[in-house]
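Chain naming follows the written order as A, B, C and D, and within any one chain the residues start at number 1.
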Amino acid sequence: MSWTWFHRLASPPHIYRLAQRLTPWFAWPAGALILAALYGGLVLAPPDYQQGDGFRIIYMHAPSAWMSLMVYTTMAVAAAVALIWRMKVAHAVAASCAPIGASFTIAALVTGSLWGEPMWGTWWEWDPRLTSELILLFLYLGYMGLRGAIEDPQRADRTSAVLAVVGIVNVPIIHYSVTWWNSLHQAPSVMRLGKPTLSTPMLVPLLMMMLGFTLFFVAVLLVRLRGEILVRERSASWIREVLST
Amino acid sequence: MPREGLEVENLHLWRGEHHVLRGVGFALPRGGCLHVTGPNGAGKTSLLRAACGLLYPESGRLLWDGRDVHEDLPTFHSVLMYIGHEAPLKADLSARENLRYWIGTRRRIGRDTLGAALQRVGATAWSERPARTLSAGQRRRVALAALSLLLVPLWLLDEPTTNLDAEGQQLVGTLIEEHLARGGLVLAATHHELPLPRSRVQRLELTHE
Amino acid sequence: MSDTRTAAPDAASVLEAARLVLERDLTLALRRRGQLVQPLAFFVIVTTLFPLAISPELARLREVAAGVLWVAALLASLLALEFLFRDDAYDGTLEQYALSGQPLTGLMFAKTAAHWLLTGLPLALMAPLAALSLGAPPDAVPGIVASVAVGTIALSLIGSIGAALTLGLRRSGVLLALLTLPLSLPVLIFGARASELAIHGEPYVAPLELLAALAVLGITLAPLASAAAVRISLE
Amino acid sequence: MREFLDMGGYAAFVWPSYAVTLAVVVLNIVWARSSLARSRAAARRRLAAAGADA
């Protein structure tokens, strides 16, 4: 059947070795991109005409916010694949995603708050994007809480996968409702925490940082994935081989 | 050429870190009865639950009339009846009500049919009492009534004779024999003897290792 | 003697099965009224706490009435969720549902419908009383009843997913709240807005329609998710 | 250099946000490696237990 290549590709030993081999190919470019983007963002980019040097927080805030959503989406897609085709490797991917995504969601919230204080004069503003980010953090915490609370590992995988899929259906609805709610109550004097209009020397480091973070995510995911595969694997022969290296 | 009945091939099942079923296999033809025995924790209940498609095995196949049951579970479920070691009765409902709501989700039943089934298991006297007041043996009898009401081919019974008096055990034997005679299949897990002639029963012994 | 090669010839249809599931849950609830009254009592108590905590001035209370009403309704419906599947999971009823050969999605829908009839609908009928005590004008009553009634449909459906996901757990209360509340946020926003507009005598159709859209989306998707979660809990 | 560190008066906001985010980056590396190490140790223990059985 035409599925055999797919199953061989998705077989745990194959994925384990592939993850091991691929990690440096993502880790080093990620490191180089992040360093270059740091230099570009902190030194080369000119200050914003309105926010001065304060706008440089965007190089940390926006990529973190991007990560929080991108990782959640990855997790939900992996969970759906795992549920539909009963693929253990996909469960391992979903399990690896959650702590990474949650940590970057926290970073996005903290940097958003640090950005808000000089711009709005308050540490927390019920800005629609920050509020959505906070709800996203709750979704991550719920996912990890559910996974941690179920003792049987297989059931934990499958139950939390259902939650991840339910969550991703809700993310756009939550974001829409929060934006709608905010538009009702917005005081006109408050400046939106938004991207200032970015000139090219400002934009390039931002895109580099986002790409760097994305590659970094893949690298960390590959490392975590190996651990999660080992936990789920029963066949001893290749584990013995892998552990001896 | 598809064979009729239930076939289990090389079933491996894990519960967490425990390798509970290690390559279990058997074939149960129409009119056949398989008695699964073994000490506590040997995986009798797990085997039964895997055989009705509730547990998804790590490897191995489960065939009904030659077709993999996991390809179409609802159809497979509509030919089987599983009774666990506790009858699923609500304390606040009477035996009759329990039976109506339980079997009614699968088969249309009239009052008379229900009454006849209750009489068959000797429940007429207490069929209107809330299940809360019933003894373990009486609850088991309600489960037997459910079994006799639902004329599906495959019965999966977990400890069918527990808590029953001698007469109740004999009733289990009679019900099974009638079922086998009309071409039904029975898979029963118990460490007691089944109240049936030995010649009618295949045995499958599960061990710890 | 009947043929044993196929399922029973007089097999029940999904609708008949779902109707029986619904009837059964309603019968059970009526025999156990205490459990039925608890969420309602909770709702009333929470809404009476606010005047004591804020001020007895009706003008001030009116400003927060819609929010108070909805947070209390959300928590009250959450309170009732723990009982939704728990007893059925313990005594093996869910197992029988999963093995009935009927689509489990349909039976889950029936159970959720029963849950709404037993908590959402009474809450919608109680809500005007609470709103009046918080200074809402009598004209606001239809809007409040409509928004709470429609909103609790969505809440029951979202809640059924949470309840099904936490089935295998010994202590599920806090986790159930952590899973359900973020997902319920849109319902809270649209519901509170509809009630607020009703209290201020303004047209509230737009948020009510959004609530209805959420309820419809929930009706189509939530039973699928809770059926999947229930099956997994039986593994 | 002084001027750079001052960030046009926004130093108190810019540097902590860089510190927090980069700390999250570094912690992710540490956590990922330690989680892999833990899983490897657990797998080794399981293999040893299985070996003792046989």
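The rule is short, and it goes like this: a contact is a pair of C-beta atoms (placed from the backbone, for glycine too) under 8 Å apart; a residue touches a chain by one contact, two chains touch by 3 or more.
It should be emphasised that the depicted structure is a prediction, and the values quoted were computed from it without experimental measurement.
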Subject >> Chain closest to the assembly centre - both centres taken as Cα means >> reply: C
Original post:
chain A to chain D: how many Å between their CA centres?
Top reply: 15
Subject >> Gap in Å, rounded to a whole number, between the CA centres of chain C and chain B >> reply: 35
Original post:
Cα centroid separation between chain A and chain C, in whole Å?
Top reply: 32
Subject >> Separation of mean Cα positions, chain D and chain C [Å, integer] >> reply: 42
**OP:** List, in ascending order, every residue of chain A touching at least 2 other chains.
**Re:** 152, 154
Subject >> Interface hub residues of chain C, defined as touching at least two other chains >> reply: 235
**OP:** Would you pick out the residues of chain B that each touch at least 2 other chains?
**Re:** 56
Original post:
Viewed as a graph of touching chains, is the assembly arranged as a line, ring, star, complete set, or other?
Top reply: other
Original post:
Name the touching chain pairs, would you?
Top reply: A-B, A-C, A-D, B-C
Original post:
Residues of chain A touching chain C in their complex?
Top reply: 83, 135, 138-139, 141-142, 145-146, 149-150, 152, 154-155, 158-159, 162-163, 165-167, 169-170, 173-174, 176-178, 180-181, 184
Subject >> chain D residues touching chain A - in the complex, by the definition given at the top >> reply: 4, 7-10, 13-14, 16-18, 20-22, 24-25, 27-29, 31-33, 35-40, 42-44, 47, 50
Original post:
Can you name the residues of chain C that touch chain A in the complex?
Top reply: 161, 165-166, 168-169, 172, 175, 178-179, 181-183, 185-186, 189-190, 193, 210, 214, 217, 221, 225, 228-229, 232-233, 235
Subject >> Complex interface listing, chain B residues touching chain A >> reply: 14-16, 19, 56, 58
**OP:** Over in the complex, which chain A residues touch chain B? Could you list them?
**Re:** 86, 151-154, 234
